[in-house]
Amino acid sequence: MAVKYYFEALHDAIHEEMTRDSAVMVLGEDVGQYGGSYKVTKGLYEEFGEWRVLDTPIAENSFAGMAVGMAMTGVRPIIEGMNMGFLLLAFSQIANNGGMVRYTSGGQFTVPMVVRGPGGVGKQLGAEHSQRLEAYFYAVPGLKIIAPATPRDAKGLLKAAIRDNNTVLFFEHVLLYNLKEEIEDTEDLVIPIGKANLLREGTDVTILTYSRQVHHCLQAMKTLEEEGYDPELIDLRTLKPLDLEMIGASVCKTHRLLIVEEDYKTAGIGSEIMALVNEHFFDQLDAPMVRLASKDIPTPYNGRMEAATIPQVADIIQAVKSLVD
Amino acid sequence: MAVKYYFEALHDAIHEEMTRDSAVMVLGEDVGQYGGSYKVTKGLYEEFGEWRVLDTPIAENSFAGMAVGMAMTGVRPIIEGMNMGFLLLAFSQIANNGGMVRYTSGGQFTVPMVVRGPGGVGKQLGAEHSQRLEAYFYAVPGLKIIAPATPRDAKGLLKAAIRDNNTVLFFEHVLLYNLKEEIEDTEDLVIPIGKANLLREGTDVTILTYSRQVHHCLQAMKTLEEEGYDPELIDLRTLKPLDLEMIGASVCKTHRLLIVEEDYKTAGIGSEIMALVNEHFFDQLDAPMVRLASKDIPTPYNGRMEAATIPQVADIIQAVKSLVD
Amino acid sequence: MVQELHAPVKTAEITREEGFVLYRDMVLGRTFEDMCAQMYYRGRMFGFVHLYNGQEAVATGLSTLLRPDDYSCSTYRDHVHALSKGVPARAVMAELFGKATGCSRGRGGSMHLFSAAHNFLGGYAFVSEGIPIATGAAYSAKYHGTDQVSVNFFGDGATNNGAFFESLNMAALWNLPIIYVVENNLWSIGMQHARASSVTDIYKKALAFDIPGYQVDGMDVLAVRRAAKQAIERARKGEGPTLLECNTYRFRGHSLADPDELRDPAEKEFWRKQDPIKQLSRYLLEYKLATAEELKAIDEEIQAVVDDAVQFADDSPEPPVDEIYRFVHAEDE
Amino acid sequence: MVQELHAPVKTAEITREEGFVLYRDMVLGRTFEDMCAQMYYRGRMFGFVHLYNGQEAVATGLSTLLRPDDYSCSTYRDHVHALSKGVPARAVMAELFGKATGCSRGRGGSMHLFSAAHNFLGGYAFVSEGIPIATGAAYSAKYHGTDQVSVNFFGDGATNNGAFFESLNMAALWNLPIIYVVENNLWSIGMQHARASSVTDIYKKALAFDIPGYQVDGMDVLAVRRAAKQAIERARKGEGPTLLECNTYRFRGHSLADPDELRDPAEKEFWRKQDPIKQLSRYLLEYKLATAEELKAIDEEIQAVVDDAVQFADDSPEPPVDEIYRFVHAEDE
């Protein structure tokens, strides 16, 4: 076992996969000589050279399209979005081609590409740098979407994403990079895409969450336990495809559902989960499902307003209580 | 009263608003000399000149950004997306600036801009030309989203959108342009944004739909009525903000909800509606809400597959029956 | 024969065999597209169908010099680029008919032709969308250390889109084996090139990236071929990208749905006179590389190929609707 | 005085008053940014803060020639562009402190400074994002028949993005009154300009659009001012856009979060020697446009302005959290 930071775990995943498979390469802004804005690709340029660790100009639309072209022709590119928000400029290439070429080509071409980078609300980064795009891309067919909350999941899921033959969007959280965790020293740590992680068994209420909000929920658990509540906490880890099996099993046990997410409340991951649970487990619900999400506003710079924009521990505790009581 | 095609109604709305307000102008590909791919801007170039009916190069990202800059400085641009799908290239300008500049500038600047054009599944147009982007943009704060189903609504809502001081996405449907309807001859036909339209009162089940699927639903009504069903049919018209009042009133009456939409089932407009109804009217529901939407696949070219991709009249009838019986 | 003795001594720049290859390929493109028009009007194919008539010299001049393992990437106006790269007429016509035997298994349609077997990377329906993709394929070739080249066809209108400039810059930075072929047919649907580009000579934009740029008579297949040869050699030798601006014209509307009312009849006439196929046949005859009979025979042979393609498409089955989800994910085989 | 008699007869290209305006503006920029660094390290401001130190000659050379009703548009490195356009130091500092009195009411932050009152169209956090927006403002001026001009500041890295090329083309097509000011500081965070652009002379890219392009010493405010004067005149007279490449350098890291390990100390030293403020003060003294005392007085005066700005920001209230939804829609006043 070794203690790893979230950013190191990501680095190790890429390093191991690049070592294992010469087709795997990284491209993006400052991924090479600079080592990545969050140091995820540190040292790779020196080890693997400029062809496999490609510093690109600031041309998101075209380098994403290039990555599609590479992926169609035997390379396995990992795009780093310096901030995932910038990839709004590459939306058409990611959606049209990362998501659809496999289908429109009748199965002839695959696009094994990973699009990874930081997102989420950080420390007063302002509206454009605080975006959560997981919901914007959610409807696009053909894509898989991952959002790990811990170093171990970050490593295991990134390795799985790199080995996956579909286009995978991999959302890291800007405030998790310096999170530490003990991880086994194996190179075989591959966590299957599509499997959620049961963090706490409980009977009161099912809490579904992902990415940074997992940690807010874990904090809330302490207080809730002390006060005699018994929530079941699930880290979705993979947002698309959802682990409907685990979600269903839990809802059938608790009959109550709370979703804690950092993306916008409107049309967020939570709304799709609610729709699915309504469709599959309606009779199991004893109360309306609740979404605890970010307010539907551009993330304000002001610290207090920013804090009020996203779900906080107190909100989670409050939400669980009003759901259970 | 005069009989107008959907495309004419749109034309009239723009013509009237350009006549009424010299700040209103149109820009996009082939909107001028060509008269618009679907003839919506026919004749405007000749009447208002090249500065108010601006033919742009194929540069969606930049002409959308230009429109934002114009809108911030006293012009009221109407962007025509030759196909709304192409505006995926302008996603960042529409979302970051159309949606957020009002807020990030602390209310100093407004972006009164309309982004309109055809979307939807047409007659074997292929995957990239058959996109429904209403869901992709739905989460973006600050935007309003409209999708009219009839010539009258198209005219009245487009006029409202042009007069609105926010960025409004206006989704026309490629298969509705040649739909005819009698419209009153007034220039004051302005239909308020955010108000749905009750097309049929009923007691069995509430059907929420929009755009082309309104017509599929109307067809289904005939059969359903004959067979003794009594559905309530509502055309949402405005997708954001939703007319939760009318939706709620209807659900409280019928206790059953069917949503018929042409966008993808996953993370579509329907999932957000389900989330809202669950939050506000959970106790009113006697059965799981049902989404009848497009399959989660890139729209296939083959005619039969394409037909099987979107909801058809028979599917609607079937869905109503299984919900009510 | 006696005649030959009197014939002026001229040497052709191509052999008789090469001449046949070029002629056959251009006639195939033309005949195929004319058939598409018929089939479209008869309701056998749908959607937006963009025909290539008039521009054959470009696809043929480039593609007939490519190796099977070279990459080709196109736009929505892609039928003939696919054919010239070797995709069988049967597979393309069947795709347009939406059949299971189509080159995209009926899922793609006119604007989304693909053929992995021919390294035909596809038709792309968004303007300029294929440019970065072809550039990525060129990167792959270099990445894998092969000497494959990537050829990318697109129109004048695409050169006003950011992807064009972004991609040229990257291709130059990394010295990629790619040929950017601009088919400047003077129009983007109803938008005149001169109204859309502040500098109408597209080849000059290569200077902004230190890429060699050339302007070529896109109605003269031999001129295109000459330029293509150079560019392909450069790319194959690892000397980097080239921009070829081929001045050409489409003989039909933008798509079969386009009324084509804006283009001046005189302009159309001017270009029709330079029909690339007529020019080549004149050349072949003048240089005695072929006889009228031989060319006529090819015309008929090609007509048979296209008729057979229609027959094949007709006889082919529709893709089973119950496989509608197949190929959304890579897991589907 | 006696001395003056012996002084070489030289005529300065600016008046004493103009000299003071330039000097005051540059010192304000420098002093303000240095204060930002302090405040950032003291935890008074957060997020990514991009300082302008070293590039002052560009903002000042351009902006001091603008009319209040002219438009200015910037990037995330926008503090000094805002100040030079007339936005009060108080309002900018308060914004960085996230206060209700900030120029964006505390909602924008360092990368989103706005001031409608000064036609400062904003800082934009996405690279190249402001280019089309400034172009749109130029279109508005022409649309309304005013003689306003639009000035757009951005970096060398932005010139590799499609929006740069797309916008230049449109500005040229429609002959818009805009000046594109590239602040070529040789780096995009850790990416050297020469590794990101196949042609490093950015002014040459204007040729691809038939726009006049000039390269200017961006460390010499008078050189920038000369070029700016021409460009602004052209724009105001309706003669269209200009591209100005100002060669400059940032004296600090990309942002206050950047370790700045890649740039060669010798390179930094080379540019530090050309500090634009020192150059101007030397000039003012040499030409007897100002005395050392006068300049010192200005330095102190500006220091007071910046200290006052901090005090103001400190004393200002936070925006009420219960107004968190305010201004999402235009309806909110």
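We call the chains A, B, C and D, going by the order they appear; numbering starts again at 1 in every chain.
One rule holds in what follows: contacts are C-beta pairs under 8 Å (C-beta built on N, C-alpha and C of every residue); 3 or more make two chains touch, one makes a residue touch a chain.
All figures in this text were calculated on a predicted structure; none of them were measured in a lab.
Asks: Of all the other chains, whose mean CA position lies farthest from chain A?
Replies: The most remote chain is C.
Asks: Counting C-beta pairs in contact, does A-D beat B-D or the other way around?
Replies: B-D is joined by more C-beta pairs in contact.
Asks: Quick one: report the Å distance separating chain B from chain C, using the average Cα coordinate of each chain.
Replies: Taking the mean C-alpha position of each chain, the two centres sit 37 Å apart.
Asks: What whole-Å value do you get for the distance between chain B and chain D if each is reduced to the mean of its CA atoms?
Replies: 41
Asks: How far is the middle of chain A from the middle of chain B, if each middle is the mean of its Cα atoms, in Å?
Replies: 30
Asks: Of all residues in chain A, which are in touch with two or more distinct other chains?
Replies: Within chain A, residues 57, 59, 61-62, 89, 92, 96, 103-104, 126-128, 141-142, 296-298, 300 contact more than one other chain.
Asks: Note the residues in chain D that touch 2 or more other chains, in rising order.
Replies: In chain D, the residues touching two or more other chains are 104, 106-108, 112, 124, 126, 160-163, 166, 169, 173, 195-197, 328.
Asks: Could you please specify the touching residues of chain A with respect to chain D in the complex?
Replies: Of all residues in chain A, those touching chain D are 29-30, 33-35, 37, 55, 57-59, 61-62, 85-86, 89, 122-129, 295-298, 300-305, 308-309.
Asks: In their shared complex, at which residues does chain C touch chain B?
Replies: Counting only chain C, the residues touching chain B are 46-48, 95, 98-99, 104, 106-112, 124-128, 157-158, 160-162, 188-191, 195-197, 262, 318-319, 321, 324-325, 328.
Asks: Which of the residues in chain A end up touching chain C in this complex?
Replies: Those residues of chain A that touch chain C are 25, 51-52, 56-57, 59, 61-75, 92-93, 96-97, 101-112, 141-142, 164-166.
Asks: Would you pull the chain C residues touching chain A in the complex into a rising list?
Replies: 71, 73, 102-108, 112, 114-117, 119, 121-122, 124, 126, 129, 131-144, 162-163, 166-167, 169-170, 173, 326-333
Asks: Touching residues of chain A toward chain B in the complex: what are they?
Replies: 61, 88-89, 91-92, 95-96, 99-100, 103-104, 126-128, 135-136, 138-142, 240, 263-264, 266-268, 270-272, 274-275, 278-279, 282-283, 285, 287-291, 296-298, 300
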